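In the two assemblies presented below, chain A is common to both, partnered first by chain B and then by chain C.
Right, the complex of A and B next:
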C-alpha cells in the first residue's frame, strides 16, 4: 500500500479531482439540491452597505475582471447588480480591465434587461466602459469624471446622460462596489479613492488569491468583502432570503414557485455561487485527504531512511 | 500500434461518435439568437446641423410628426433599418416555435454554435496537458496568445489612442467617424504625450536609442511617485492606525465586556508585533526576541495556509465553471438555469404531445 501511494502517478490525482468536481456538478444540476449557507459578518456587511441605503442612491460598480476569473466573480457581479436594481439605486458601471465592459454587458443583458425591464438606460443605469491607465484612472476620476469619461460606451455625451447631470466625480457616489480579479482592482481603489477620501464607502468582491491581502483593510478602509466563491454564496443566501419572492421561478399564472417546505424556488442564475459550493466541498475533502496521505508517506519514508 | 495509443484511439473514437449522436439527435451544443428589428428615424428640424435619431417604435416617437406615417413611406435619407441579433435561450425558441410558428424571431445561430463547439474543444485541448504535452494543447495555447495580442492591439487603438489622443487633439475629426457624442474643444496639451510616445518608439530605430530613455524616465518617475503616496497612505499609515485598537472591547449596546472581540483584537496586535519582530534582523533572534520571532513565524505560516486555502478554492471554482460550460452549454447534460425548458407549462404540454417529443426535442 505504501509503495502504491508513494509511486502513484499524478494523473490519477487529476482524475480523482475531475470526478470530485464533475459528479457534484451533475448531481446538483439534475436534482437542484444545494448545501445551506450561513452568511458571515463580512457578507452581512456587504449586504447591509447596499440594502440600508435609501432608494435612488448613487452606486459606482467597477467590474475589474475578465473571463479567466468569471467562475469566482460572475456570481457576485450578478448579485450586486440585482441587489442594487431591486433597491432602486442608480448604477454607474465602469471597468479598469479591457474585457470588463463585456462583463458589464452580460450583467445588463441577463439581469437588468430581463428582470428589470422598467429600468431606463441613462436614467437608472449607465455603462461608462473601460479606460486604460489602471490606478491612473482612479486618480483622475476621484476629482473629475469628465476628464476621462467624455461619453458612455454608446457614445452619448456625459452632459446628455440624465443620471450623470449632478455627478462630478467619484466623491459624489454613495457607495463604491468593486469586483476585482487582481491589478488594477480593490487594492488600488482602496489606495487611491477610499484612503485619501475617507467619506467614501466601499465594498468589494474578490478572487480567493486576493482575499488574504485585502483583509487588513477591513473595516476602516473596506466596509465589507466577499472572498471568492464562498463569499458569493453567502451573499446570494442573504439576497435570496430578502428578495426570494421576486427571484423565484414562476408558474403558469406568474406566481412564485415554492418547494415542499414553503421556501421559494430561486431561479438558477441567482444561485450560481451556492451551486458551486457543492464541488468545492467534495474537492476540498479530497485535498485534505491527499495532504494527510502525503504527510503520512513523508514521515514513513523518513523513518525508514533513519532505520537504514 | 502501441497498446496505449490503441486504447486512446478507441476512447476518442467512442467519444466522437457519442458527441455526434448527442448533437444530431438532441441538438446539443446549439446556440440561439433572437432577431430584433432596429428602425430609427432622424427627427432633426430643418436647418439643424446634427441629425437626431430616435427609435421609430419608441415612446419618444409618439410625439414626432414624422413617425405618424408608416416607416416605409418616410424619406429614405431620414430612416435607417437593420436587424440586431441578441442572445436567446432554447426555451424561448421552443416556446415561440409552438406559439407563433409563422412569426418566430428566434433561430439557431450557426456562428454562435460554432463558437460553443470551438470553446468546448479548446477547453478539452487545454485539459489534455494534464495527461501529457501534445500538439492539440500547443494549438490552443498559441491561439490564446495570438488572440490576446490582437485584442490588446484593438483595445489600445479604440480605447486609448482614439479617445485620449485623437479625441483630445482633433475632436471635430473624431466626432465625424468614431465618437459622435464628443463635445470637448481641442486640448493641445495632449500633444506632449504624443511626442513622448514617439520618443519612446525611437528605441526601435537603429540610431538614437537614447532618446527613448527620456519618456521612460518620465513614466518610471511618475509611477513611482503615485505608488509611493498610495502605499504610504493606505498601507503604512492606515495600517498602523488600524492596529491601534482596544484590547478590552466593550459591547456598544449593553456596555458589557465582549470576550470574542477582545480576543480578536489581542490576536491582531500580538500577530502584528510578532510578525514585525521576525523581520527585525538587527538583533540576534535569541531569548525573548527569538521566541517572539518564532511566534511571528507561526502567524506567517497560518497566513500562508489561509492564502493557499483561498487559492485552492479559487482554482476549483474556475475548474467548476469550465465543467459547467461543458455539461450545460455543450453536452446539455444538465440545465440548472432552466434555459432549455419552454417558458410556460401549456407550451410544454403542446410540445410533449407533438412530433417534437418523438424527435427528443421537447
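Right, the complex of A and C next:
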C-alpha cells in the first residue's frame, strides 16, 4: 500500500478530482439539494450597497472577465444584473477585457430580456462595450465618458441615448460594480477611479486568487467584495431571500412554486453559485486528504532514511 | 537619435502625468496623455498581430520544433481576424438597414459568434478548468510540512479550504453562532485570517512595491535607467 501511494500515478489523482467534481454536480442536478449558505459581512455589504440605494440610481457595471473564469464569475455577474434590475436601477454595462462584451451580452440576453421584458434599452440599461487601453480607459472616462464612448455597441450616439443625457463621467454614477478576473479589473478601478475620487462607491466580485490582494482596500475604497464562488453563493442567498417570489419557478398558472417547507423553488440560473458549492466542498476535502497523504508518505520516507 | 527621442517621449509623458496629479491647472494634460495611451494601446494590437505572424511564419519556414502548431495558430488567427474585421455573415442593424455591414460582429448565429461560442469559449474554459487537476497533483507531491513556516502555511490552508465550504460550518457547529467562542467557528476563523493576517501582509507588500515603483519610475523618467530601450547603437 505504501509503495502504491509513494509511486501513485498522477492520473489516479486526476480521476479522483474528476469524480469529486462530477458526482456532486450530478447529485445536485438530480435532487436539487444544496448546502445552506450563511452570508458574511462582505457579502451583506455588497447586498446593501445595491439594495439601499433609491430606485433609479445609476450603476456602472464593468464586466472584466472572459470565458476562462466564467464558471467562477458568471453567477455573481448574473446576480448583480438581476439585483439592479429588480431594484429599478439604471444599468450602464461596459468592459475592459476584449471578450467582456460577450459576457455582458449573455447577461442582457438571459436575465434582462427574459425576466425583465418591461425594461427598455437606452432607458433602463445600455451596453457601452469594450475599449482598449485597460486602466487608460478608466483614467479617461473618470472625467469624460464621451472622449472614448462616442456611441454604444449598437452605434447609437451618446447624446441620443436617453439614460446617458445627464451622465458626463464615471463620477456621475451612484455605484460602481466590477466583476474582475485579473488585470485590468478591480485593482485598477480602485487605483484610478475610487482613490482619486473618494466620493465614488464601489463593490466588486472577483476570482479566488484575486480576493486576498483586494482585502487591503476594504472598507474605505471597496465597500464590499464577493470572493469567488463562495462569495457568489452568499450573495445569491441574500438576493433570493428578498426577491425569492420573483425569482421562483412558475407553475402552469404562473404562480411561484414552493417546496414542502414553504420556501420558494428558485430557478436554476439564480442558484448557480449555491449549487457549485457542492463540488467545491468535495474537491476541497480531496485536496486536504491528498496533502495529508503526501505528508504521511514524506515522513515515513524520512524515518526510513534516518534508520538507514 | 534612436535612443534620445524615446527618452524624451518617456520623460515628457511621465512628467506631464505627475504634474496632472498635483495641480488642477494641468489636470487636462493628464487626460490628453491618457487618451494618447488608449490610442497607442489600440495600435499595439496591430503590432501584436504583426509580431505573431512574423514569429510563426519564421518557425514554419525553418521547420522548427512544433511548426505544425504554428500553422494551426496562424489559420485560427487569420480566420478570426478576417471574419471579425470583415463582419462576414453579419446582417444589417435595425437602425441602419440600408448599410450591409452595420450589424454587430457578435450577432447571434453569425460566423464570429460561432467561432466564439464553439471554439474560443470551450477551449479557454477547458484550459482554466484543468488547473484543478494540476493543483490536486501538486498538493499531493509538493505541499510538505518540512519546517515551521511550511506547517503554519499548511494549517492556514486547511482552515481556508474548510472554512470556504459548508464543511467548516458543520465541523464547528457545536460552537453557538452568538456565543463567546463564535470566533473559533471555522468560517469566522477564515474571515479573521483574510481580514487581519492577509490584509496586514498584503498592505506591507503593496507599500513596498509602490515605493519600488516610485524609485524605478524616477530612474526611467530621468534617463538613469535605459534598460527598457534594449540594446543597439546610439
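Keep this in mind: the second predicted complex is superposed on the first by the 308 of 308 C-alpha atoms of A that agree within 3 Å, B and C clash if a C-alpha of one lies under 4 Å from a C-alpha of the other, contacts with A are read in each partner's own complex, and residues count from 1 in each chain.
By definition in this document, a contact is a pair of C-beta atoms (placed from the backbone, for glycine too) under 8 Å apart; a residue touches a chain by one contact, two chains touch by 3 or more.
As the structure is a prediction and not an experimental result, all values here were calculated from the model.
Novice: Identify the partner contact of A:163: answer first if only chain B is touched, second if only chain C is, both if each is, neither if none is.
Specialist: A:163 sits against neither chain B nor chain C.
Novice: Tell me the contact category for A:241 with respect to chain B and chain C: first, second, both or neither.
Specialist: In the superposed model, A:241 contacts neither chain B nor chain C.
Novice: Using the touch definition from the top, say if A:190 reaches chain B (first), chain C (second), both or neither.
Specialist: first
Novice: Give one of first, second, both or neither to describe whether A:249 is in contact with chain B, with chain C, with both, or with none.
Specialist: First partner only, chain B.
Novice: A:131 in the overlay: touching chain B, chain C, both, or neither? Say first, second, both or neither.
Specialist: both
Novice: Touch check for A:258: first (chain B), second (chain C), both, or neither?
Specialist: Neither partner.
Novice: Is A:283 touching the first partner chain B, the second partner chain C, both, or neither of them?
Specialist: Both partners.
Novice: With both complexes overlaid on chain A, does A:269 touch chain B (first), chain C (second), both or neither?
Specialist: After superposing on A, A:269 lies in contact with chain B but is clear of chain C.
Novice: Check the residue A:28 against both partner chains and state whether it touches chain B (first), chain C (second), both, or neither.
Specialist: first
Novice: Return the residues of chain A at which the contacts from chain B and from chain C coincide.
Specialist: 14, 17, 21, 68-71, 99, 109, 131-132, 136, 139, 154-156, 196, 211-212, 216, 228, 230, 280, 283-284, 287
Novice: Where on chain A does chain C make contact in their complex?
Specialist: Touching chain C: residues 8, 10, 13-14, 16-18, 21, 35-36, 38, 40-41, 66-71, 99, 101-102, 105, 109, 131-134, 136-137, 139-140, 143-144, 147-148, 153-156, 196, 211-213, 215-216, 218, 228, 230, 277, 280-281, 283-288, 290-291, 293-295, 298 of chain A.
Novice: For a test of understanding, state which residues of chain B touch chain A in their complex under the given definition.
Specialist: The contact residues of chain B facing chain A are 86-87, 130-131, 151-152, 155-156, 159-160, 163-164, 167, 179-184, 226-227, 230-231, 233-235, 238-239, 241-242, 303, 306-307, 309-324, 327-328, 333-338, 344-346.
Novice: Could you list, by residue number, the parts of chain A that touch chain B in their complex?
Specialist: Counting only chain A, the residues touching chain B are 11, 14, 17, 21-22, 25-26, 28-30, 32, 68-72, 74, 98-99, 109, 129-132, 135-136, 139, 150-151, 154-157, 159-160, 188, 190-192, 194-196, 207-209, 211-212, 216-217, 220-221, 227-230, 249, 251-252, 267-269, 271, 275-276, 279-280, 283-284, 287.
Novice: Quick check on the complex: what are the chain C residues that touch chain A?
Specialist: 21, 27, 30-31, 34-35, 37-38, 41-42, 44-45, 93, 95-96, 102, 104, 106, 108, 116, 120-122, 124-125, 127-129, 132-133, 135-137, 139-145, 154, 157-158, 161-162, 164-167, 169, 187, 191, 194-195, 198-199, 202-203, 206
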